[in-house]
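For reference, chains read A, B, C and D in written order, and residue numbers begin at 1 within each chain.
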Amino acid sequence: MTGTFKAYAVRLFPQVAALAIILFMVSLAFPGFFKLSFQNDRLYGSLIDILNRGAPVALLAIGMTVVIATKGIDLSVGAVMAICGAVAAASITAGHSLAFTLAVTISTGVLCGLWNGVLVAVLDIQPIIATLVLMVAGRGIAQLITEGAILTFNHPGLIFIGSGSLFGLPMPVVIWLGFGLIVALLVRRTALGMLIEAVGVNRRASRLSGVSTGVLLIAAYMLSGLCAALAGIIAAADIRGADANNAGLWLELDAILAVVVGGTSLLGGRFSIAASLLGAMIIQSINTGILLSGFPPEFNLIIKAAIIVLILVIQSPRAQSAFIWLSRARATEPTKGQEAK
Amino acid sequence: MTVGFSQIGSESGWRAAETTLTKQQAEKRGIDLKFADAQQKQENQIKALRSFIAQGVDAILVAPVVATGWDEVLQEAKDANIPVVLLDRTIDAPKELYLTAVTSDLVHEGNVAGKWLVDTVAGKPCNVVELQGTTGSSPAIDRKKGFEEALAGKDNLKIVRSQTGDFTRTKGKEVMESFLKAEDGGKNICAVYAHNDDMAVGAIQAIKEAGLKPGTDILVVSIDAVPDIFQAMAAGEANATVELTPNMAGPAFDALDAFIKDGKEPPKWIQTESKLYTQADDPMKVYEEKKGLGY
Amino acid sequence: MNPRYLPLTATVAIFLIAYAVCIAQYPNMLSTRVIGNLLTDNAFLGIAAVGMTFVILSGGIDLSIGAVIAFTGVFLAVLLQSTAIHPLVAFALALIITTAFGAIMGAIIHHLEMPPFIVTLAGMFLARGMAFVLSIDSIPIKHPFYTTLKSFYYVLPGGGRLTLIGGLMLVVFLVGILIAHRTRFGADVYALGGGTATARLMGVPIGRTTILIYALSGFLAGLSGIVFSLYTSAGYSLATVGVELDAIAAVVIGGTLLTGGSGFVAGTLIGILIQGLIQTYITFDGSLSSWWTKILIGLLLFAFILLQKALILLSDRKRRHA
Amino acid sequence: MQSVSSYVLSATGIDKIFPGARALNGVDFSLARGEVHALLGENGAGKSTLIKCLTGAYRRDGGRILLDGVEVDPHNTLEAQKLGIGTVYQEVNLLANLTVAENLFLGRQPRRFGLVDARAMNKQARALLSEYDLDIDVTAELSAFSVAVQQVIAIARAVDLSGKVLILDEPTASLDTHEVAMLFRIVRRLKERGLGIIFITHFLEQVYEISDRITVLRNGQLVGTRETAALPRRELIAMMLGRELVQEVGEAKHSETKERGEARFRFRSFGRKGHIQPFDLDVASGEVVGIAGLLGSGRTETAEILFGAERADSGTAQADGRTLDLSSPRAAIREKFGFCPEDRKVDGIVGDLSVRENIVLALQARRGWARPISRSEQDRLADHYIKALDIRTSDREKPIRLLSGGNQQKAILARWLATNPEFLILDEPTRGIDVGAHAEIIRLIETLCENGMSLIVISSELEELVAYSSRVLVLRDRAHVAELTGEEVTTNAIIEAIASAHEGRPA
């Protein structure tokens, strides 16, 4: 047990360290950063904002991690968010119950995932292109539902998902933490994780070993669709309206970035949901930090690029092996001595 | 008459309304409207214009995504004897290349909003935060400029923070949240100026969630006059908005009609009104009027 | 026929069929104007897509090109506005910067063993950010040299124009084809796409090739930026957002495998033309709302990919039975 | 003893440390001009690592390399090639997406006016391959050819590149007798030209046939270098294993001709268009059926169809009278089939996963995702097979791609044994496996049969086939052409069957 814990600690160390450093830097630029207070039944403060604002990317990153582990990629998540937000808003304004609305919305997301999965697994289309189709068309579908306008709603239940709170935390935070935990347990307590990794590393060999590669691939994209649906509901509930034009716009890139910052290889294989969630928080910290720091917006992208490059350089295999090499250079001396005896 | 209409895209409710109104106006006049959506890309607009020319339309309406880069394609249209009318934004090209421009004055809009704020605070010290539009877009640049001009020389008013909210509700809310945190929970903020209503609506929610009263604790002024902001005004949560009318096509078609039928040259600039609405203007009534326009 | 050429042939066939269908519906689409427009309007995209083809052939991806094009435009506009240097000098400077930019990304990808997707994504943020810092306004370029360059065109019978930039794109494609198939560098690019580890064992200079590939892509993105600035006579930091996705789609529709190692530069040209055709068709139709436009573009993209797959599968089967 | 100056290549004190494993420990190695030097050792002894250090594919952690008496330090294979060292690495290392000709001339294409002259290149490629009796379309992609053909192409490339030294890492693993003979002819010719040749193999016959000297490695350490003529076989094996081997394969006497029981598995006109012509096959429980044939004769195709990797489009399959569902590997595995594929790199290993995960993969897949094998059970299984098959790995959590080739092969075998199959298909199971392990595997095959498992074994090593098969099918041109049973199963009979079948073929 302590062994697995240690393995986790080693795996997550770079992400935790990067997050800590960024938070520290932000707190230098903005002294009140770590201040937390209790207002309106929930914790309130910049740290909570990061958790809260990072919810969509965190949710997307969960699905994206699994898709990337299968050596795929899902560019459509932003568009699927928009579709699902639109469906939720349309359904609730049409007077359907909250439960019905959520069910329909989530089914829509899963269906979008199914479409992607079938293109990738059955028709054998390259993931980037297969999901590009829905990325392009999806936003159109969302706009078709809202007719290009922002579809606003006042249903308190749906709004609660966006700005309510539970256990002293904003609902979006509760949702992504909870969902992340469920998915992480699902893949690690069953054999799913290993099978997904096997498919990502070598699809042929996995198939020859009896792994249902097709089903797993489709399931991965469906999970991604489900995550996008949750993110879409949160995004819509947050602003009390479905903005088909802008909901989730370019968020797929942030989600992919979160996964990579989390250390999962884009070539598939080994993955960690926890690390991706940390990656999402790192990205959101950068975003929030930029907002708090008060730089003119022209500099946003440059700052973001610089920080990301820095994090990735530190995480890159080369830097890591240099690190290992350094620590070994120190550690080998006594070993040599033993050999001499 | 066949008219090609190159629209920027459908990035906001306002633009959707403009598209709807253009189509309605065309239908009303029996015009065959060829609509092309450029998905926010100038290159697509130029392509669309070229296709319209190749197709041989009678006139072209274009809502240019950016001010520069139109000379060549407009010259081609001119060579093909196709009049071009610009909608809602002007461009940086020789005036003889297009028939007329039906636009509002973006700088003026910012100015109106700024004036309102100056008048409302009436000399009291006031820290303003600004939610900019998409960095680099002409409404963002001009509305910022107009607003700053109105505030110039008024020492009691100070823009303390200014960030981009990308014209969206989500970003408007997120940026406002961080402004509130950065300015002592919002106690240092007396007004928020948003480059469009959508961001203002997002900001209003952020202010409410921070436990303050928008419209009272923090004044809210924005531009566009989309229906949702009137609801907020009716609830006392927003204070003022400057209208940007989505009906640019009506005057454009009128001008085209006159030009094609009687050869009458319209003025080079048909400016639409930048009307200021405040809580005193029966917001619910305006809301009902605007609701059905496809915003 | 050599099975290698199957995807390319399929793509060409699909393009011709699609064009025929369009003409049947809108006879005007046969005009030289439309053909001239296809070349001129897609010139910048085509040039950038040639670079993208090399990158994808090597198994990489370059997300930075749209931002680099915008940066180049702003850079040229600012330079020509605020200094008196000749545009040709400015062009050279821009090309040097973008080539170096590409080379640096290649070096990071190789030496730090980082995935191209992420390195070039950061590159995209950086280039776009630099453009913002240079200027957030759109700046017109009014230099007489630009007017001269734009006046070089050849009027085709029927009123269409073969412009300088359209011609330049064709030249770039020719050179690209030559580099890909008739130089050692080209073979090394394919080798890299076949597998880095294997290529290394076979003595392919991985580092040099990787850096050269991204430098080439940077150079062509720079050239594309110049073409775009000629096309619009302006520089604007928000221009060409998402062009990288268009370029990737063109490359893939052109029959190149995103996993690398297989495909043709010539196919990319067809991919570009197919995309241009879709747009032209939609404009000619002119009845689609914004959202239906998006949906239709997505569906047509899907249809082309599917058709390509089907054609390849079909002839594959025939070959087996023969 | 030869004087130092006559060595074309000499390496001293080569060290290589991998995280968690010391692969080479102060190894000395020298290669004379005009000699064939066999480099031997068990799987994982460090042979491949040593040559990779010599060619710069790996950075060595210590030691010196002299080429023609001059110290050299190749940083990558390109530099090594320029120094005149041509290499065939263990796994076929060519690019499947390039044409044959491009593979042969990558980096040194003939040029005209600065551009690659494809016509000249193809012509030269054809000429080069004709020396190897290979008349193939050099403009076709490499992936169109079988592993064996690819191997020949790789050899042709390396030979053409080697000005001074040629290194062959298990080049004969997937070649049949005919190709091996051809390769040896070429090696002898190069030897006469004064090249130094390093030859790694696990076939001791070949070692004695071609090599002049032998260097043996064990656990990354040099055991010794001897003249081949003065080193008896038994002693050589002892050097490699560090102990005496009780019984060696090939010498193994065909165990008492097995009673051919009731056919348990029956395949009737089983086949697939374009892959393999319909064939009939009966396999009794506890029986080993060997499949022989030349390269490209359809052996692998037969295996793939039996396992459902390619779906059969004609015929039926039955076990104990019950119709089997062999529509996919997954279905076949449910019917208790197993298949150890020929191309371990592409079809076998899941490179980034650990040895443990690779071993339990098929078993886990059969149980389904919802019933995970507990971690302790996984550890137990992995440890069991690591011990039983003597898989050399520092740790069961090591990614399998870091194992030596032979040990990867054993781990894949373990994957299938762990599923307890009733019908196991082995395609070249002993490819790249050392003498000790070879004997282990053969013994294992025999035990499996005694326990009632039915086996299909495809092998290019006829002795091996003869040793354990009770029946041998001979294939030609994607069709089953002959079947040898009982006393007929001899090496000569198989060769004859293949040859006579070929006589009927128009040239």
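Operating definition for what follows: a contact is a pair of C-beta atoms (placed from the backbone, for glycine too) under 8 Å apart; a residue touches a chain by one contact, two chains touch by 3 or more.
Quick caveat, the model's predicted, so the values are computed rather than measured.
Q: What's the chain with its C-alpha centre farthest out from subunit A?
A: D
Q: By the contact definition above, name the pair with the higher C-beta contact count: B-C or A-B.
A: So, comparing the two chain pairs, more contacts are at B-C.
Q: Using CA atom averages as chain centres, what separation in Å is found between subunit A and subunit C?
A: Using C-alpha averages as centres, the distance is 30 Å.
Q: Subunit A to subunit B: how many Å between their CA centres?
A: 34
Q: In angstrom, rounded to a whole number, how far apart do the mean CA points of subunit B and subunit D lie?
A: 71
Q: Show the residues in subunit C shared as contacts by 2 or more other chains, in ascending order.
A: 132, 136, 289-291, 293-294
Q: I need the residues of subunit B touching at least two other chains; which ones are they?
A: If we look for residues of subunit B contacting two or more partner chains, we find 10, 16, 19, 135.
Q: Got a list of which chains touch which?
A: A-B, A-C, A-D, B-C, C-D
Q: Within the complex, which stretch of subunit C touches subunit D?
A: Contact set of subunit C toward subunit D: 2-4, 178, 181-184, 186-188, 190-191, 193-195, 198-205, 261-262, 320-321.
Q: Note which residues of subunit D are touching subunit A in the complex, please.
A: It is residues 19, 307, 309, 328-330, 332-334, 339, 341, 346-353, 357, 361-362, 364-373, 415 of subunit D that touch subunit A.
Q: Would you mind writing out the residues of subunit A in touch with subunit C in their complex?
A: For this pair, the touching residues of subunit A are 123-126, 128-130, 132-144, 147-148, 253, 256-257, 260, 265-267, 298-306, 308-309, 312-313, 316-319.
Q: For a test of understanding, state which residues of subunit C touch subunit B in their complex under the given definition.
A: That would be residues 26, 28-29, 31, 33-34, 37, 40-41, 44-45, 132, 136-140, 150, 228, 231-242, 276, 279-280, 282-291, 293-294 of subunit C.
Q: Quick check on the complex: what are the subunit A residues that touch subunit B?
A: 30, 32, 39-40, 44-46, 49, 53, 143, 147-150, 152, 163, 235, 238-241, 243, 245-247, 249, 288, 291-292, 294, 296-298, 300
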